[in-house]
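For reference, the structure I am asking about is given below.
A, B and C are the chain letters, set down in written order, and residue numbers restart from 1 in every chain.
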Amino acid sequence: MVGQLVVSSTQEPSPGTTGGAAGEGDGSGEGDFHGFNDWSEMDAAMLARGQAYPAVTSGQSGANVFLEPEMDGEWKVFTLEAKVVEWEVEPGRLVEGWTYNGMIPAPTIKVSSGDKVRVIVINNLPMSHSLHMHGIRVPNVMDGVDPYTELPATPGETRVYEFTAQGPAVGIYHPHHGADIQIPNGMFGAFLIDDMPVPQKLIDKGYPATPTKTVNMVLNDAGTIGLSLNGKSFPGTEPYTIRVGETMMVHYFNEGLMPHPMHLHQPMGWVIAKDGVPLDEPWPTDTINVAPGERYTVLYMGMEPGVWAWHCHILTHAETPEGLRYMVTAVIVERGTLPEEFIANNPQFAPVED
Amino acid sequence: MVGQLVVSSTQEPSPGTTGGAAGEGDGSGEGDFHGFNDWSEMDAAMLARGQAYPAVTSGQSGANVFLEPEMDGEWKVFTLEAKVVEWEVEPGRLVEGWTYNGMIPAPTIKVSSGDKVRVIVINNLPMSHSLHMHGIRVPNVMDGVDPYTELPATPGETRVYEFTAQGPAVGIYHPHHGADIQIPNGMFGAFLIDDMPVPQKLIDKGYPATPTKTVNMVLNDAGTIGLSLNGKSFPGTEPYTIRVGETMMVHYFNEGLMPHPMHLHQPMGWVIAKDGVPLDEPWPTDTINVAPGERYTVLYMGMEPGVWAWHCHILTHAETPEGLRYMVTAVIVERGTLPEEFIANNPQFAPVED
Amino acid sequence: MVGQLVVSSTQEPSPGTTGGAAGEGDGSGEGDFHGFNDWSEMDAAMLARGQAYPAVTSGQSGANVFLEPEMDGEWKVFTLEAKVVEWEVEPGRLVEGWTYNGMIPAPTIKVSSGDKVRVIVINNLPMSHSLHMHGIRVPNVMDGVDPYTELPATPGETRVYEFTAQGPAVGIYHPHHGADIQIPNGMFGAFLIDDMPVPQKLIDKGYPATPTKTVNMVLNDAGTIGLSLNGKSFPGTEPYTIRVGETMMVHYFNEGLMPHPMHLHQPMGWVIAKDGVPLDEPWPTDTINVAPGERYTVLYMGMEPGVWAWHCHILTHAETPEGLRYMVTAVIVERGTLPEEFIANNPQFAPVED
């Protein structure tokens, strides 16, 4: 949760040193500073928020933590404890988080095609619970759809789900009992089967066949957690780092109640899978609108060094009059070299001259 | 509206028999049962709602009822009476439904390319009315856009629309006068020209060239009807049945005021047409976000027997603290055999071992 | 802002001349005329609104006005003054518009790949300002992301941004300081690099390689401006004119806070670029859902003469009980001839017989 933020700026911080009186431009708008006395107070608040990033908060996001299975013969056994914990969404904002294993998102489960998978859920919630593995192929009796495929596990009860993994898949596990309460409060975790292949069309354009890193990005907007990226609100969100020429594969998941158009500033992206199924024909994006329940897998190439903002483009989900907040983080692109084949095949993405 | 619901579960119903006290897990969350005294009361309410499905309600959805034309020489004549009726959205919830022919959705009109089509609208609404055939190619004077292409038919008046059908098309007919009032209150019906072809790419993957069944699924969220699938709210919604190895083609339409991401649990889907135009390059989906006015045609293959939930993934559109509600139904997949070619071409979708 | 609206109707205006009493159809619904005494008063209000289109309003939309650069050696220099002006959103509705150069949208900037581009921003707002060029490739220090890549220009201050253009690109320039306030209030302008190519697949279908016209369409729904197309609300919106057989390329941009599904009645459309990157595989649409921050480039062919409505399909964004309002305009298709190759390759789009 602790990162080193590289700010590369050629312009000196100089708030309040130039500029005339507010409203000189047109005479209108004076006096409306959203609770501040003037623009310089507003700027100071915004600067303070920006500088607080990335802030340390208690409560570990499991988006990019892999849950280790125990082996029971040929079975990979994953144990989840459903429980309520205190969760720090952003510095100082403590809420009741509903979790698997105390993490929001829950720890990522990753298996391979052919694996025998057993998921044990110990229900220590104050409510009953059913586990649904959204986007993962299971027999109907393992689908966790209370009251049709099972009755829920009551508080204190333990429930077992078993199936053989068939991939590739980009799924998400979450409750299917009281889901309107339990999910927004924090109960969701990535469930991956196999690695998502890079489409041949992108390899032909000079993208490496294997991404440098793969990241899960879970969106939420409701319940006790509210507007958040991987369970945290800016400045408590986590930055991601790649080099120029490296690629980052992002699995987006939306576990909230409304679509969020996630915008990554500079690195160019391609959608390479929808709901866990690889696309023959990837499509380009810098702003990907992810609706509740959808999963998009996007491959980004680091193209230019710097701190590149990454946020929901619903402006009130990224900022308030006090500064950046909620669904905002950054990709830090460090110096490196674009692959020759990439430049040859993507002339419009050649290195920018500073 | 009456169905036989097959619940296949290996786990015995046992609400309230295990489990400790609420909140044992973490000590937080006690006392918050959304109006219930404890989790077991909540479970009982949820179970009762689940067991009420599929509930009989008065008022017949026309989504999958075809309106029979009368022939007048070479003209296929469809007669619509616009009128207000009492509509049972879900058991016991009676509202004022604005309809064509007393159905919500209105009965489906289906014609073939080259057909001479005449639609007669008798306006027995308390308001004026214009008929727009959204997504259907017509001469401008037949477009029903009050006050530009016509003035509306006043209450009691009859209006005639004529054109020659050009397909394929997946359209929807609805008012274009007071549309913000009349449409959410129930006035919308599928208008289809020809059958939508299955793309060659899917036939090559082992999908049959002709779907076993074709279903219209109209979404709404406003007016007197509110959150609903084909004019009904769970448990009044209708289940759909296919066998393993059979395909169901679904035309989704959104006549509400916001996008709805419709999630079908197990059967894998492919988007094969957008706004009624076939796609050369179908794309995969298990959660399809349908915005107001859009139409997506999705082809689903039954892959595993069982009761598979089918619902909007905006959680508050599918569930309340009292249980499942609103935009929820199910696809019941009965036993059958996956086509050999399908298994050969989709190894990840081979039969699951129970 | 002044247009000639051709209304082609074969049906005589005759409000109130036929029709029985309100509610004859079913007996329900009487008395609810949303503030009107009866349907005929409602019709009269709707007709008056329809006839007011296209209305003259003060304040020039810059969506389709190109900002002329001054040359400074090899640099193309664009000067923007950020300032607050009085803005007439629709006839008689005057609001405080936050603008670049007094226009909403701001004037369009268009350059070519390889151009040296300098953008000078004079901040005459009552707040500080940073300029972000969304979707335009720039070095990180030119990205305008306060407080990471720069501190904002305070009121009265001037700031300079420089880069070399790499295209094609369909971007939008807007503030990145107090963006939640400044953008909805009107600060956004199209930023284009090069022309967007027509995909070979569409040329093969008979579409001309060069569009007859290219149009920017910027959506908004918040701030002082509210629900609007290119800064105006119906009937203050601008109509667009093409002939049968001509094509109109539309760059859609959403600078509001929610997705808007834009529906163009008759001309058939193809999405040919997403976020400024050309698609090898265009996809068909008559209703395109544009989320905040996204850009879709859609190519439309005029197919049938007439006045074709073009509006958001969220019904309350297009109409009120008083008639059409907000996100509504029209494409006027004048007489002309479809290309032979188009008809040959798109039999379903052959001329309609009136």
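Just so we're on the same page, a residue touches a chain if its C-beta (ideal position, glycine included) is under 8 Å from a C-beta of that chain, and two chains touch if they have at least 3 such contacts.
Being a predicted model, the structure only gives us computed values, none of them experimental.
Residue numbering at the chain A/chain B interface overlaps only partly, since under half of the positions present are found in both copies. Taking only C-alpha atoms, you rotate chain B by 120 degrees to land it on chain C; that is to the nearest 5. Averaging Cα coordinates per chain places chain A and chain B 31 Å apart.
Among all residues of chain B, those that touch two or more other chains are 259, 281, 289.
Residue ranges of chain A in contact with chain C, taken from their complex: 5, 7-30, 32-34, 39-40, 42-43, 46-47, 50-51, 259, 261, 263, 265-266, 268, 281, 283-287, 289, 303-309, 313-316, 318-321, 330, 333, 348-350, 352-354. In the complex of the two chains, the chain A residues touching chain B come out as 81-86, 96, 98, 113, 123-128, 134-135, 137-141, 143, 145-157, 159, 163-164, 166-169, 176-181, 183-184, 222, 257-259, 274-277, 279-281, 289, 291-295.
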